[in-house]
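First the structure, which I've put down as structure tokens, then a few questions once you've had a look.
Labels run A, B, C, D, E, F, G and H following the written order; every chain starts at residue 1.
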Amino acid sequence: MNEKRMIEEEKHYEEVIAEESICINDNLVYEKPDTLLDTPMHYCPGCGHGVAHRLIAEAIDELDIQEDTIGVAPVGCSVFAYNYLNIDMSEAAHGRASAVATGIKRVLPEKYVFSYQGDGDLAAIGTGETLHTCNRGENILIVFINNGIYGMTGGQMAPTTLEGMKSTTTPFGRDVKIMGNPLKITELIAQLPGVYYCTRVAVNNPKNVRRAKKAILNGFQYQKREKGLSFVEIVSNCPSNWKMTPVESNKWMEENMFSFYPLGDLKVPEKEDE
Amino acid sequence: MNEKRMIEEEKHYEEVIAEESICINDNLVYEKPDTLLDTPMHYCPGCGHGVAHRLIAEAIDELDIQEDTIGVAPVGCSVFAYNYLNIDMSEAAHGRASAVATGIKRVLPEKYVFSYQGDGDLAAIGTGETLHTCNRGENILIVFINNGIYGMTGGQMAPTTLEGMKSTTTPFGRDVKIMGNPLKITELIAQLPGVYYCTRVAVNNPKNVRRAKKAILNGFQYQKREKGLSFVEIVSNCPSNWKMTPVESNKWMEENMFSFYPLGDLKVPEKEDE
Amino acid sequence: MTEEIIISGFGGQGVLSMGQILCYSGVVEEKDVSWMPSYGPEMRGGTANCIAIISDQKISSPILTKFDTVIALNQPSIDKFESAVKPGGLLIYESSTALNPPTRTDIEIVPIEAANEATKLENPKVMNMIILGAFLKKKPILKFDNVLAGLGKVLPERYHHLIPLNEKALRRGMELVEEVTA
Amino acid sequence: MTEEIIISGFGGQGVLSMGQILCYSGVVEEKDVSWMPSYGPEMRGGTANCIAIISDQKISSPILTKFDTVIALNQPSIDKFESAVKPGGLLIYESSTALNPPTRTDIEIVPIEAANEATKLENPKVMNMIILGAFLKKKPILKFDNVLAGLGKVLPERYHHLIPLNEKALRRGMELVEEVTA
Amino acid sequence: MAKVKGDILIDIEKCKGCELCVVACPQDSLEASRKINNKGYHYIVKIEDNCTGCMNCALVCPEGIIKVYRKVDKKKVHLATISNVSKDINITVSE
Amino acid sequence: MAKVKGDILIDIEKCKGCELCVVACPQDSLEASRKINNKGYHYIVKIEDNCTGCMNCALVCPEGIIKVYRKVDKKKVHLATISNVSKDINITVSE
Amino acid sequence: MKKELKLMKGNEAMAEAAIRAGADAYFGYPITPQSEVLEYLTNFAYQKTGMVILQAESEIAAINMIYGAAGAGKKVMTSSSSPGISLMQEGISYIACAELPCLLVNVVRGGPGLGTIQPSQGDYYQSVKGGGHGDYKMIVLAPSTVQEMVDYVKLGFDLAFKWRNPVMMLTDGALGQMMEKVELFEQLPRETVNGIEKWATIGKTKDRERNVITSLHIQPDKMEEINLHLQAKYKKIEEEEIRFEEFAMEDAEYMITAFGLVARICQKAAMLAREKGFKVGVFRPQTLFPFPYKQIDSYTKQIKGILDVEMNAGQMVEDIRLAVNGKVPVEFHGRMGGVVPSPEEILEKIEEKFVGVPA
Amino acid sequence: MKKELKLMKGNEAMAEAAIRAGADAYFGYPITPQSEVLEYLTNFAYQKTGMVILQAESEIAAINMIYGAAGAGKKVMTSSSSPGISLMQEGISYIACAELPCLLVNVVRGGPGLGTIQPSQGDYYQSVKGGGHGDYKMIVLAPSTVQEMVDYVKLGFDLAFKWRNPVMMLTDGALGQMMEKVELFEQLPRETVNGIEKWATIGKTKDRERNVITSLHIQPDKMEEINLHLQAKYKKIEEEEIRFEEFAMEDAEYMITAFGLVARICQKAAMLAREKGFKVGVFRPQTLFPFPYKQIDSYTKQIKGILDVEMNAGQMVEDIRLAVNGKVPVEFHGRMGGVVPSPEEILEKIEEKFVGVPA
């Protein structure tokens, strides 16, 4: 750290403690969960991946299952998820996270297993694995980050890219005549009998963050009760490749993504089942 | 041909022409279509693949598009389809027929292209290609032979194998807890906007054969009008691997397959569209 | 002792099981054995053959082109494998359906009307056992009891009530050899 | 003439374009050129560098470890590439933000307060052009007009109204060299 | 009323004896022969002469080897009778 | 009535200046600093002292770097007043 | 104790051996000529040991299930045949890089393309040189008998865990379909291999850092380090694990080299040759990686020439040539597309290539 | 006519060359470091020539679209990088067997596994020896400049159709990302290649038998015939299509062998070596299959030793060894995982390996 910076920082901390502080442990009402490591995340500013990671970590902490949870990271921007979550994790080849999760869960049925996948990963190259894992009703949780784009590789069209939306491979906007309509894979998956719980959430505002957290908690809880597959889609942003500021990107998402990918439950357990 | 046989046969033909015959060209009301070659088919006795082939050939003849039709054969019992249909054809790797068909159609948009695929091919290894080809609304026809089993490789479980059904890899009957429920892929595909026409037929009796024929004709006709993807599922039998006589197999199919895979249209064009 | 055999016929005639019975019996006698099917793509029908080797020594190649014994259950098999018998070797064939019998003179040729005999035993399926009996009579390389033991291994349990019938067929085959070669 | 240069800085400082402008200009003068970026996984931020080679002869290796000129736009780049300057070579660096200036004595070192100057030009983005101007003054390997042509190629059309500003920055860089080395 | 008379021709060497045609025939005209063809299958023969040419058998045949013929025996007009031959010959023409 | 008072601590070196917290704060307590941190981002600072500890900022922060504190200032009971010091000191305890 | 002798098909014997070796899981997709492996397992495995058997939706799913389950430290296995193994190449490269122990079986059929279902050795290059991307090695075992297929299942698991490396059993359709007498080893318990808690994803206990299975190292120097580590491991494997079989090599003047089933046909050919007065022996690498370069080279003083015989267009022959480095002539005879050479034709080739030089 | 000189990125130059070569279609899936190919094409191709550009849902879909479109006799191309190419191995084997002309590009990155996105040559084995199953060969072109990337697109299509064989351009992330001056050839029309009506699926006209694209030949002897036909074709390709470049080889006493970008770094190293008095030259195979065995062998009388340099653990070096067959020592220097060797380190290796023998 260079000198200039150190001076600036000190100033800042001084500011903070200038007046009588309530920032003492007794008053702490929120801090990042233990399972989320301190390592700074490599995500672009404002990227939804970070919140999604944190929510998974919170759920793990709340259920006290850190020792029993194994995560599977995809190939996509979240490929390094294992750098941030303090649990055993496996990286998976592009699109195959649900197959990898199946492999783990089948040999360790008493553990909690989840995969974390982007839309390119889950709904393009991994379509077959996704559909069949869901259809088999593997007793796992799939967290699906739908940001409508290939983030990691620099903004190419994803299966979920909206009609007319520009990407580096649809420079004139997605033409559905050539590329087909954006794929609502979650709607398809919800219909498979092996899928016990299927919902679509977002992390763009505090209310939605709370709901998303609940959905992830549900997923782990159903897994505990061996109910089969839980599928949580998180509609998310990619400020970098959408070429917007984070705040703009969330707004754009609310205005454009939510109408096509409406938030809400697609499949919930019947009462007696719960 | 050995001598004994020749003698027997002669006797037979004698029988046939013993009485005044109406079997003259003027009276001919049905014979196999021209596009179906004379080569004897390698299929087991009573196998539905044969009828399905013939119907495709009939449709091609009726629409007079033999010169303009290109077929794609899968890996499965129907891998040799190109030995029986007198049109240009391409064999495809297991599961990839719809991708191969896409490749052909995109570079030859004015031709009629169809793929012909089994349930293992289309709904297991080829799930990704199937779903995305349909979603893109490729202007092709997919004929899907669902016989609930892997015929060619000797009767292993297919994605469509019914609950409790025995196969060489579910020797105690399909256990949905382990293998998941049979997959109604056609129901999923019908929902994709790129799919213009989606129907389920069978070839177990004359009435159904006529309907199946109509479905295939529709598929080609919509293709001509550039409507997008037509998907025709033919629920079929596999006497050999079901370990039944052909007649028993059809009966079993009617009693067991049709209730899970009900015949009928899943998606038909709206009136003004037609 | 090393006996190299090929058994050939239509699919469904039971040629593969014949080879397996010999090999199982060989195992019982602690011999080295090898059974190599020719496998094809068709689900039903078509021709099939298998090579069976039974030996007191370690077997090298399980795939051979010359045989001590050829067992041919139909005409195409006779046509195809007559020339594969080693000089001085043995050719046994099903003769009730064969139109063109083998012609070599440097080998021993044993025609067996096994199909007809099987019909007499009221089960055409045991045709193969009749031929096998004939072979075992000609070349008693395995003890009869051990062959029965082998039969028990190859037949699924649910068909074990058929063992007596098969035994009868085997014995009939042995008699037939005496009749033809008498 | 062969000039082997590495340009290094933060992502977003425009180091890649600096190299490209030089190379485009080289093409205009029918020289052989090569531009090799170091590319990393991060979408935004991080450090970046590129190697640019401009030569009258055919270029062999586009990847080098020793350079005629090193252009360093931030402290980490100074730290990393100071040692990569060939003896007698040139090191130009952005000096308004650098805390630890380079120390070698066997090379020519040119500090340019480009960040400050850019602020004066009311566009911090042209910082890289100021440095580039300085470089071109020190090593006039390319005609100024051709450099402007290169600039026109690198800047997307929609930014062409900024060419005058960039030209100004280039010229300012040239002046600055005279000031420092005066 | 016109009487429909049908007939079929089966390419018996290609028949695989699956008997789907047998089941499909509303007239019960067909049956498996006791004889086998070159491929070893009990091929199908017409055992009744009541075929209506309805095509059902042909439609379900997986091998596509059944040709169906149909003749509508239209009302015939008597033209002449030639006598004084070993047997009288009636000459008719269809309408 | 109890008064809720909140505060937050941001690990500014990890802040990426995305400003999602700024938008999420119902109190408009937050703003991007003009200064940048080590990574070059304009980190966030609290500019108003009206934080309620609602946690909204922390919930939306992708970096998980906001700690939220909340204190309910409960009604206080007067215990004693100590005089004769430079300034009177009141001693209270919470209920 | 009485030996347990059985007459078994190669494919079924492998499956039974997997159960007995205490394998934890098998993931696979049907393909001729090896579907019996999965079929046998679905019949018997779970009942006997609780072994997990899952028919995957594709070979790609299967290899990635293997990746997951192997990463969890379990003894896992898959099998397939040529086209299916081609589909697994990405997965194999990942597995090799992440150093996951597992047993992969390729019951090779005639290629390229869809080809035939008859036996072949056309996938030597793919298995030994690397069909997937990047520098990695599998340990490749080439059985020539059904007995070896059984033994190599156990050996395969042992080597896989000893070296934390994928092991490939490279066999062929004929070996898979043929029956031979096999002596089965006793049922071993399904138990956790020592040391896996150091790297496997089994749930992070409080007393250790989290375990991560990955093959991603975005910094080139880190990735080079990984590669250097792998190369060093491969070198050690080359030092320790070479296996081969010699047949009549003591006084041989000509050497036939061959692997797998073909080697046995060559033994027969060598016997025929010796009847004719040619002193021919057979050298059979049992491990294709590590390859017995030195052992082959050591014969260059004794022999006059080598005939390499394979069921392909000539693949292992390059390694034979690399081994002898020009010291003796190396000839090649190959059959392709599912055709199996006969002892007689090999004998003919020996005479043809080394004519006029009887012992 | 004025030459059209441009400064272009390797990836974009390839894309532009495909448009200009009159390519009919490109099917591909994004992967770093080559996504610019698809991106460039989606921007310009259709508008310019009507070329079909389709982003596939996966590499497997892409290669099978290629199979379909190539089977229809069209000029088609795909590109990917290492893991994606691994996924294509089954498809490539099918394409090779069915003898379909097409151009495949591998912009290699550091492996194995997910690896890095930095340049590498770790896929030599996969491309040259056969990553897919069975005996087949692609024609493998290894450019070392952006100009060659342009030229080899055209050459690749020509060779593909001349031989009805897939052509692989094996390049790397550095070449894909770097910019150089290129001379672009003029726009060629999109036109049907002569003779395709004899085999392509374009619709069966009345005057000919139907065309069938397949790689299935269930009878082993038929499949062997297909293989013999392929092998004969490969032999002809070896006779006619070898390409290579020599640098300062006239009087060289030491030879560096290298392909692709690395060869240029080696040229620089050779120049540095000559400054120090070592007579070093560089031999660069431009075609990796067919491989210039004879041409390399022909230097064994002139040179004292070979240093093979690659960005891998040593892959082409085996072919160098096979070429010289023990006549001169062959040393190897490799960097892995995305690390690029410098001219200086190569010079050092030359000194180290052949120390004390200056010219």
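Criterion: a residue touches a chain if its C-beta (ideal position, glycine included) is under 8 Å from a C-beta of that chain, and two chains touch if they have at least 3 such contacts.
These figures come from a predicted structure and were not determined experimentally.
Peer 1: Among the chains, which is located farthest from chain C on the basis of C-alpha centroids?
Peer 2: Most remote chain from chain C, centroid-wise, comes out as F.
Peer 1: Specify the chain pair with the maximum number of C-beta contact pairs.
Peer 2: Result of the pairwise contact count: G-H comes out on top.
Peer 1: Quick check: how many Å separate the C-alpha centres of chain A and chain C?
Peer 2: 66
Peer 1: Indicate the whole-number Å distance between the mean C-alpha point of chain A and the mean C-alpha point of chain F.
Peer 2: 29
Peer 1: Need the CA-centroid distance for the pair chain A / chain B, whole Å please.
Peer 2: Result: the chain centres lie 41 Å from each other.
Peer 1: Which residue numbers or ranges of chain E touch two or more of the other chains?
Peer 2: Touching at least two other chains: none.
Peer 1: Can you list the chain G residues in contact with two or more other chains?
Peer 2: As it turns out, chain G has residues touching two or more other chains at 32, 54, 57-58, 60, 83, 90, 94, 98, 114, 117-118, 214-216, 218.
Peer 1: Could you check chain D for residues that touch two or more other chains and list them?
Peer 2: Residues 41 of chain D each touch two or more of the other chains.
Peer 1: Can you tell me which positions in chain H touch chain A when the two form their complex?
Peer 2: 29-32, 35, 38-39, 42-43, 54-55, 57-59, 83, 114
Peer 1: For chain D, which residues count as touching chain H in their complex?
Peer 2: Chain D residues touching chain H: 20, 23-24, 26-27, 30, 32-37, 39, 41, 59-66, 153.
Peer 1: Spell out the part of chain F that touches chain A in their complex, as residue ranges.
Peer 2: On the chain F side, the touching residues are 5-7, 9, 12-14, 16-20, 22-24, 35, 37-38, 41, 45, 53-56, 58-71.
Peer 1: Which of the residues in chain B come into contact with chain E in the complex?
Peer 2: 1, 5, 8-9, 12, 15-16, 21-24, 27-33, 36, 40-41, 43-51, 53-54, 203-206, 209-210, 239, 245-247, 250
Peer 1: What part of chain A is in contact with chain H in the complex they form?
Peer 2: Touching chain H from chain A are residues 75, 79, 91, 93-95, 124-125, 127, 150, 152-154, 156-157, 159, 168-171, 178-179.
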